[in-house]
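Below is the structure I would like to discuss, written out as structure tokens.
Should a chain be cited, it is by its letter among A, B, C and D, assigned in written order, with residues numbered from 1 in that chain.
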Amino acid sequence: MFGISSLGTVSVEEIGSTIRTPKLFQLYFHKDRGLTNSMIERCIAANFDVLALTVDTITGGNRERDLRTGFTSPPRLTLRSLLSFALHPRWAVNYFSHEKFELPQLKDHVKEGSNVSVSVSDYFSTMLDQSMNWQDAESVRKKWGKQFCLKGIMSVADAKRAVEIGATAIMVSNHGGRQLDGSRSPFDQLAEIVDAVGDKIDVICDGGIARGTHVLKALSVGAKACSGGRFYLYALAAAGQAGVERALKNLYAEIERDMKLMGCRSVDQLSRDNLRFR
Amino acid sequence: MFGISSLGTVSVEEIGSTIRTPKLFQLYFHKDRGLTNSMIERCIAANFDVLALTVDTITGGNRERDLRTGFTSPPRLTLRSLLSFALHPRWAVNYFSHEKFELPQLKDHVKEGSNVSVSVSDYFSTMLDQSMNWQDAESVRKKWGKQFCLKGIMSVADAKRAVEIGATAIMVSNHGGRQLDGSRSPFDQLAEIVDAVGDKIDVICDGGIARGTHVLKALSVGAKACSGGRFYLYALAAAGQAGVERALKNLYAEIERDMKLMGCRSVDQLSRDNLRFR
Amino acid sequence: MFGISSLGTVSVEEIGSTIRTPKLFQLYFHKDRGLTNSMIERCIAANFDVLALTVDTITGGNRERDLRTGFTSPPRLTLRSLLSFALHPRWAVNYFSHEKFELPQLKDHVKEGSNVSVSVSDYFSTMLDQSMNWQDAESVRKKWGKQFCLKGIMSVADAKRAVEIGATAIMVSNHGGRQLDGSRSPFDQLAEIVDAVGDKIDVICDGGIARGTHVLKALSVGAKACSGGRFYLYALAAAGQAGVERALKNLYAEIERDMKLMGCRSVDQLSRDNLRFR
Amino acid sequence: MFGISSLGTVSVEEIGSTIRTPKLFQLYFHKDRGLTNSMIERCIAANFDVLALTVDTITGGNRERDLRTGFTSPPRLTLRSLLSFALHPRWAVNYFSHEKFELPQLKDHVKEGSNVSVSVSDYFSTMLDQSMNWQDAESVRKKWGKQFCLKGIMSVADAKRAVEIGATAIMVSNHGGRQLDGSRSPFDQLAEIVDAVGDKIDVICDGGIARGTHVLKALSVGAKACSGGRFYLYALAAAGQAGVERALKNLYAEIERDMKLMGCRSVDQLSRDNLRFR
């Protein structure tokens, strides 16, 4: 399934018209309710299948690496980034000859959606609605009406609450470990959450997936699926579209091969008997 | 809350007249009872709020780093320190143009309080009263009469005893790990002590606090507060007053941000459910 | 006991005529049933004692090191291997003056058995029968009729199944850790398998054996014997036949010495009381 | 208490006449019963207090470092040791101007006791009696008649047997980790042995003691005393007699200081409550 973020650089309309596989939109809940609602409506119009409401970023995390490097989306020119451009000429040529990055989900509503760079941390802190609560999540679900996922659940209590407001799935996720330092890995939290709500809702393990066996371990614990960002982003950064296709093909081959080696013909045969913890 | 040690280089009177926030005095129990009593009286006069009797230093620890570097307070000139001055000219200029360090809590009573340097190890071994016992601690509490804390409790048995002599708080502390090698970290001892006396006395986690999540972990275990020395001292050494203000501001921001990300509105909502040990 | 693989470079006939000690043939189950059957028949004719059917390689593992180095059997000339030859002249002279490597168990049946190099990964994937099932294993046992071992069992369920189809032994093995990444070490799986079937079948610990104490630990858990490949292969690579003889002599001496130091006169006295896990 | 080995370079008679503190003789059980008996008799005559029969060296361990360096006692001249002499001229002058090393406990009985060097491994393997059994140990105890210790007990079963043959103490020891690779540290085995026989026999923790807290930890588990070799040998190698005196003084000071910091006035107050394992 293909996912696109509220901060994505391609519009939901373009994706809706070019992608035939199931589509997921990762919604950030903005102070500007008009913006939030417009995103939901555009996703409905573009025939998206799943809405994943991000619930772990009501404020930006203390992303110390970003503070150090000054990460913004799109990139901002600094002395340091100029130096980096000079040292990576092919990347720089590619970057400057490329059409300008935009944040098309945001651009009609806010300055930050224009090509003026803003740090992700500032974006979260200034534009997102820190008062978002369970009622808000439920009203988004009702407005949306289709498969509805909460992204960023890490506790049994919140997983149960997700069931109560009618979510059809949760992503067990710590936002790539970039929001709350010291938070556990999603995989480590998976078992207790699956035990509590696994029979009522789809539990998705988000984060840390880099190999076929990682997927098989998560499914063995009881996840219904896995999701990830770095997995395809590293491949994208290294080799563009070809890199992503290669990474996905490798992952598929690994899952198939590893299941054969585990003596499994179907994911139904994956269970905690396959795992030993230490 | 601001704390000042018996070995502090600013007098309790000056602090009493300049600091408006709650004030804690860290008392060392001296062989010279006149000195000990005079400190208590000066703290009462200077309107201090809390007296913290240090109970983990009846003898100096085997501070091997200090033995190697020859640490004294104030610093003593050696060939090595002269070299260090030469290599850090700005620091040296600052040091020599600064008014002389004094130990104003001690200077009217003992040679070691004058500007003659003494190693911290020798100070503990020669000036402090190794025979200090629970009756002494109780008599200090009575003389003081206000909030009374024992600093350096590491066992359930001693925590219970602290309750019996009328202490209103204990600091679970191993004196920065510099007294007894192989002692556990305060955080690791916290749970059993909170379980034993947490409902009768304020348990404070002292040591190892460097980030907001460290504070939140200690509070989640059941500490009422945290305290620390290196946290502000490193900032002080790096950037003076501005550094300390920056460090405190960062810590405050981290605690606030992390609580939002944990979905907590109040410290009352922090509990051991937030923690997983391994 | 001496073991030879389906991929061995010496024929079972030659081994049968030169080796007097017990002989084991490691059978790979090929799509070409004629080839599989011919191997069994040749082993019977050559008076082999044990047939070990490999059950952990119905597909090649994701051997990333082999992918990187381009490992084939026999070695294939590449620019890189040429460079390596140039840097190791003695090895190269020895290699090129040696008679050509062959895969005599395969050569009459398939192209891959000729001197045309094929990667082990491709071999497993293209020539072995991925549909091999428990009935196939049982029919091999019946055709063979003597001591019959399944090599590559890692779970209690499969160990029980091995008993049911009449195997007389199992090798607890993960194929040297090269098939399924994240698989446990055989030693770690040993106890539960011994507990389940140790009284019905010979359990052999395969893999990781490098010292006498490794053997004694496995026997203490309940293995009947140990087997290994790298143990003699590293010695072979380093010093040829003399190296292997030295390694075996060392291993024998270590087992004898270590049993004396453990106060044991017989392997019957080895038990889990000798072991502490952490 | 001072201990001297069967392989010591000073005679029991000289020690008996110069050392006033309690004296222990570490007996190795030789094939030559005359030698073994003569050692016992000489110890009685020299008024030794304790006989410690070494029971963990009926054969030499696989001391791989010794195999590499060619360790013998006394040292043997090799090209390598000559080079080492040249690089450490002061040590070499001292060595060659010193009277010759002898093994006075052995010299009247065997070639190996003369100044001809022999590797410790060969000594153990050729001269010691591998058939030594519990009856032999009991007969040594009877011949000796005073405090009798078995050195090298590592299991509860052997500790109980030591009680049965009338030993008054055991040293929990793995001979410095040089005999059986993979053996546990004595400290780790201490608790179960103390639990089994601690009320019937003195349990001594031998090995790994380098600091005061190590002694206090062993006593807290239930050891009656600690012993060690490397502790004084490293100091001896570094600074001769003065080094050993300094090391012992440091150890004494550490034990005293650490007990103060633990709030203990007597070793009777040391208990497992002081310890947390992880």
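Methods note: contacts are C-beta pairs under 8 Å (C-beta built on N, C-alpha and C of every residue); 3 or more make two chains touch, one makes a residue touch a chain.
Just so we're clear, the structure is a prediction, and the values are computed from it rather than from any experiment.
With every chain reduced to the mean of its CA atoms, the largest distance from subunit D is reached by A.
At the interface between subunit C and subunit D, two copies of one sequence, fewer than half of the residue numbers in use appear on both sides, so the contact is built from largely different positions. The geometric centre of subunit B is 44 Å away from that of subunit D, both derived from CA atoms. Chain centres here are Cα means. That of subunit B falls 63 Å from that of subunit C.
With touch defined as above, subunit D holds no residue shared between interfaces to two or more other chains. Viewed as a contact network, the protein chains form a single closed ring in which every chain touches exactly two others. In summary, the structure contains touching chain pairs A-B, A-C, B-D, C-D.
Within the complex formed with subunit B, the subunit D residues making contact are 211-213, 217, 254, 257-258, 260-263, 273, 276.
Those residues of subunit C that touch subunit A in the complex are listed here as 56, 58-62, 130, 155, 157-158, 179-182, 184, 188.
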